[in-house]
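What follows are several structures.
Two complexes, one shared chain (chain A), two partners (chain B, chain C).
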Partner chain A sequence: MGVIPQLSAFEAALAASLPAGDLRSVLESGGLPHRRVEAWKWSDLRGALARAPSGAGALTVDVSRKADQIARLDHQPDLLMPRLAAGLSDGCPVYDLQDGETLSVGFEAGEGASHHIAAVNVPAGVNAILRERYHAAPGGFANIALRIVLGEGASLTRIVEQDASPDGVLVVTTGIDLAARANMHQTTLGFGAKLARLETHVSHAGEGAQLSLGGSYLVASGLHLDQTGIVQHTGPNGATHELFKGAAAKGGRGVFQGKIHVEQAAQKTDAQMNHRGLLLADGAEIHAKPELEIYADDVVCAHGNALGAVDDEALFYMRQRGLTEPRARALLTRSFLAEPLEAIEDETVRDALLARLDAALEAVS
Partner chain B sequence: MPAVKETIEDVRRLEADKYKYGFTTEIEQEFAPKGLSEDTVRFISEKKGEPQWMLDWRLDAYRRWVEMTEPTWANVHHPKIDYQDAYYYAAPKNASKYKSLDEVPAELLETYKKLGIPLREAEVLLGVEGAEDRTAAEAREAPRVAVDAVFDSVSVATTFKKELEKAGVIFMPISEALQQYPDLVRQYLGSVVPVTDNYFATLNSAVFSDGSFVYVPPGVRCPMELSTYFRMNAQGTGQFERTLIIADKGAYVSYLEGCTAPMRDENQLHAAVVELVALDDAQIKYSTVQNWWPGDAEGKGGVYNFVTKRADCRGKNSKVSWTQVETGSAITWKYPSCVLRGDNSQGEFYSIAVTNGRQQADTGTKMIHLGRNTKSRIIAKGISAGRSDQTYRGLVSVHAKAEGARNFTQCDSLLIGDQCGAHTVPYIEAKTPKAILEHEATTSKLSDDQLFYARSRGLDEETAVALLVNGFCREVLQELPMEFAVEAQALLKVSLEGSVG
Partner chain C sequence: MLEIKNLHARVNPEEGEAKAILKGVDLTVPAGEVHAIMGPNGCGKSTLSYVLSGHNGYEVTDGSVSFLGEEIGELEPEERAAKGLFLSFQYPVEIPGVPTLTFLKEAANAQLEARGEGEISAPEFIKRARENAAKLGISNEMLKRPVNVGFSGGEKKRMEIFQAMMLEPKFLILDETDSGLDIDALRVVADGVNALRSPERSMLVITHYQRLLEYLKPDVVHVMADGRIVKTGGPELALELEAEGYEKFSGAAA
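So, the complex of A and B:
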């Protein structure tokens, strides 16, 4: 409070690599986000990068097809991380999705720090799938920004897989614009990193747009996953449904920050946000901050949040039926975490994610 | 509900007289020099004849405060406060005893009348000779409430003192307790809200003028409800009460606090600190009705209410329950909290907050679970009307050792009109798998169906709204002691004046 933070060598080098200007001075005056920054209170990025990633990073972006164009693109002006990504990238590949298309993108961050920005357009009436996969190698730090724009009546299923990345640091910030009657269905499956943050901002401006945000996470020892989602309802008759479920094993840390902001013009908004977390063992941590900020009166908004352990009664019941305790626990945890994934419409994608979840559960237990 | 008819009359009265309690009594006051400096702190301490350690404590707080910056994280907006442009101490000059009510200055009596304090009680409060014995005799039959009135900064008088003494309960202004029980005060003061806890608590530590001190000895159930009426008077005087309540092992006490403040144009700063300490098996129930001047329809004037209230459930099986009805103040910044340190201790928070006009309220609670099998329950009802803004901000934190901890939180917001805002900002932190934390929140408007139903039964719109709002708040109203429940219902009605249509 009031004290100007000392920049780390990494932050100073990062600032020096930027041209003089607003972005550079923002970084110079405040450094990277840290615990004292409200939006990052449980995810200390500065702390995670205290041991600086050495040198320029090697980010491998593996895309299923070529970009339609390379543009210059800025991100949300008030968010430091995507601004940095835009400022430090050479250009922004733009993908215009075709009806029925599935675009797959894999991000593999090698050692060092890397920044990347990309954009995806879903033109009016188009129905498409976007699949992303993220992994950071030990000592790697990737800061990735994405812009997704849905035209009128467009429909996008977005699947994000974040692989367990011990000793890697990953920040993915996505800005999504929904036009009238657009339909966005986003599901994430994350396993954490030394610090991983999947941050999604949705501008719900079009009348009658539908948004479904959800996902599952499972964080093992030493891993941290932060799922932050900010939804801005500015148009009327919009709907948002969020269901996030996660589990933390001993030494794992889950963070959920959700915010639904309803402007006065966004009358008849229907917004529901739900987060549920399982603490699997002593030493696990889950922090949650489900926020509502409502300025319109004719709305129905609700959020629920529950944290706890596997239900003892259910365990008892299953053991009575002859299951061993670990087996019963695994089944209950599996059924708990599977719910958000089961809502994925595409059968192949759904099965693939469920299989990954099963494998991860096997490794944790 | 017979109370409904009163709504319309109450509201009409308000039309003419806008704020019933908005009046200023003109009596001579003794001021500390305007502004805040070490000298102000010394002046206050000297006025009260405090021991050296107390002065040192205050000075330490002041020096720390100077280094601190005002917090800006709350969802409230106001012009910057000029801390040098206020008086930090005002005492009624004439606090001596009167021979009869005739001798009491008429303005003072009028104040009590408008506050709705019965004449007999006023007699005692004002220190009229013989009044205490008469009142005590009457009180034997009636339900009893002991009143420690804070008339501006100095507690003018205390009723039922003898009755309480008999039970061994100490209930007196904290300034008096500092003289009579310095060790007890020294042991507990600042042990729940440390000097440097936050900007406003530190300010309070430096300049607190007076407040209540309660000590309930082991095993004693306090024989009556204790209550304090805080009143701000004197133009431009900030109020800095300091309340300290200690329930020793197995003790029980219920404390009521109700506030009204005069109408005025300048913003008034109010930064109180309330500390509760519950030892083994002790129980404290703390109820508040707050209806300070909220400012006019354009938000001009009104009280800035920046309060730090915290309870320390220090002993095993202890329990603290906060109940609040917040309808007043231009700006409220208040989070009555419980530190659940003792095993099996319990914390409760029941709140109704109503904002109308241009009011802003950022209020909630913190439940810090440290001990095993600790339980907490939060029920918060927020009603926003007019052009007001309201935020529920709460923290439930379960530490690694708090096995078997349990929390249930429910925050419901009601929006009346499309110019207001309702926000929910809960923080939930869990560090043990052996705890269960549940949180629910909803935001909605008054149901059209219910309104239609009530109106089709012949109720006019305003009455129907009052009825539904009372229903919405029922779970909290039920928690209030009888004396307050009635006042609270009346307040809800008056507070929503002009919000319909």
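So, the complex of A and C:
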């Protein structure tokens, strides 16, 4: 810090597209997030974009229905990437979900740089599903910010599928607010990109809200997926359960950063965070940083993190019965990765994600 | 059917020095015969079963193994399995998340494919699974569970024999299949193994106890000590060992 970095051509073009003001000067003085920024230490966005096409990108947003309104919205949390997304979008489509509704959104980033922001409200008592799918074409960069607000007793199942995007770059930052007794279930199935970061911030402000946050990832050679989740418990009696499982092939890179912050007022919080990584070969990388920060005394909190390889004895046992080594590995990897997806309540969605995982494993093995 | 000549093998642990375990095993099992191997703890019986089935944790330093007239020393475990070699593990491995029947059907089809034969149909497979499970007193619920997960020691051994009955191998190595089985289960499992006996199928039965051999009636009994076969005889040899222990053989090997 302190040293004014040399902006890359990409950063300079990005800065030039912003009106003069605070956001532009933040970008000009610090550039895009990079390795020496603690929260991005394993995901060097600046490096990944240094030589990327900086022209306006073609982002196709394919939504299952029209927005209820277009608003002007400042994004929360107050971070550079979602601020850029807000600053560079024309307006923010807002979706007010109906009870029983499934809203599907597909994002396809073509070559060039695109920014987009959207908001989803789940009114009190409403139970809905939000499905998102992300892909970036070679040379494509999409910076997307979402804001999700759950009203009292509202319930949302959020499913995020991030397709393998070699040579594409994706940053998705989501801010989620949970009102009292809201129920949020978020599951990701991700395959990485040249660099992909799915960052989720959840605020448990109301009382007794329930959050499950999890997902599976499988990163093949040359692909990078970073899942960063920051959960703030400010209201009492909330629960957060996280289970992330991922596998990296040779040359693939998985990143898990999880933080649960429990404020003093958030008594009786129940917070559990687990990450398990499977290194499929030498040269696979998984980096994990689970953190609990607890200021309340009457809470149940735990976290776990483990990295390992496929169990050799299980592999031998399966091969002794006749399975080829790649097939035995795929079965073991599949059973490892399926767990977070099996927790999805909706059977159709669950089966669809498991089928995608199977297809991806066939391709890797 | 199986011919082992002067087999030497060692283990190369991640830490520490390589250690020779098999020190010149000679053993021939003709088609249709059942041979037993007995020997003290740590003499190399399980190591022999791993080396025969191609475990890459052991390095063959000398000697040869031929199976059905073909050298198999260089083959992968799955290639040996497809040729008809089956190992009932002393300690069967748990495989979370993979249901037993799914696993076995896939294993059976992988073997068929490797031999250039057609797949078994799902209904046919289920039918055979039901019949074999019934013979061994294995419930439907057990077949749905992931491979070996949550089974008691004895149940695991039962499942190993169930797998053998499903895969119909040409050669079975039973590594202490009797350990962990209660008296009734031992009889049920031994009946299952006896049902597999045929003129085209051979077995190598590793055990510490006479009781299993009373059911299986081996043609030949071998004594292994310190990585070698030190004595070979008829079924009476097992009785002699039970009465006298291994002491004199351990001496002979030294």
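Rule of thumb we're sticking to: the second predicted complex is superposed on the first by the 358 of 365 C-alpha atoms of A that agree within 3 Å, B and C clash if a C-alpha of one lies under 4 Å from a C-alpha of the other, contacts with A are read in each partner's own complex, and residues count from 1 in each chain.
Convention: contacts are C-beta pairs under 8 Å (C-beta built on N, C-alpha and C of every residue); 3 or more make two chains touch, one makes a residue touch a chain.
For clarity, every value in this text was computed on a predicted model and none was experimentally measured.
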Comparing chain C with chain B, which touches more residues belonging to chain A?
B
Could you tell me if A:Glu313 is touching chain B, chain C, both of them or neither one (first, second, both, neither)?
second
For A:Leu280, decide between first (touching chain B), second (touching chain C), both and neither.
first
Touch test for A:Arg327: chain B only (first), chain C only (second), both, or neither?
second
In the overlay, answer first, second, both or neither for which of chain B and chain C A:Phe336 touches.
second
Which of chain B and chain C A:Arg133 touches, first, second, both or neither:
neither
After the superposition on A, what does A:Arg24 contact: first (chain B), second (chain C), both or neither?
neither
For A:Ala296, decide between first (touching chain B), second (touching chain C), both and neither.
first
Going by the contact rule set out above, which residues of chain B touch chain A in the complex?
68-69, 73, 400, 413, 415-445
Please give the residue numbers of chain A that touch chain B in the complex, ascending.
1-2, 38, 264, 267, 277-309
The residues of chain C that touch chain A in their complex are 53-57, 76-78, 80-82, 86-87, 89, 92-98, 103-104, 106-108, 110-111, 114, 146, 163, 167
Mind pulling up the chain A residues that touch chain C in the complex?
311-314, 316-325, 327, 331-332, 334-336, 338-339
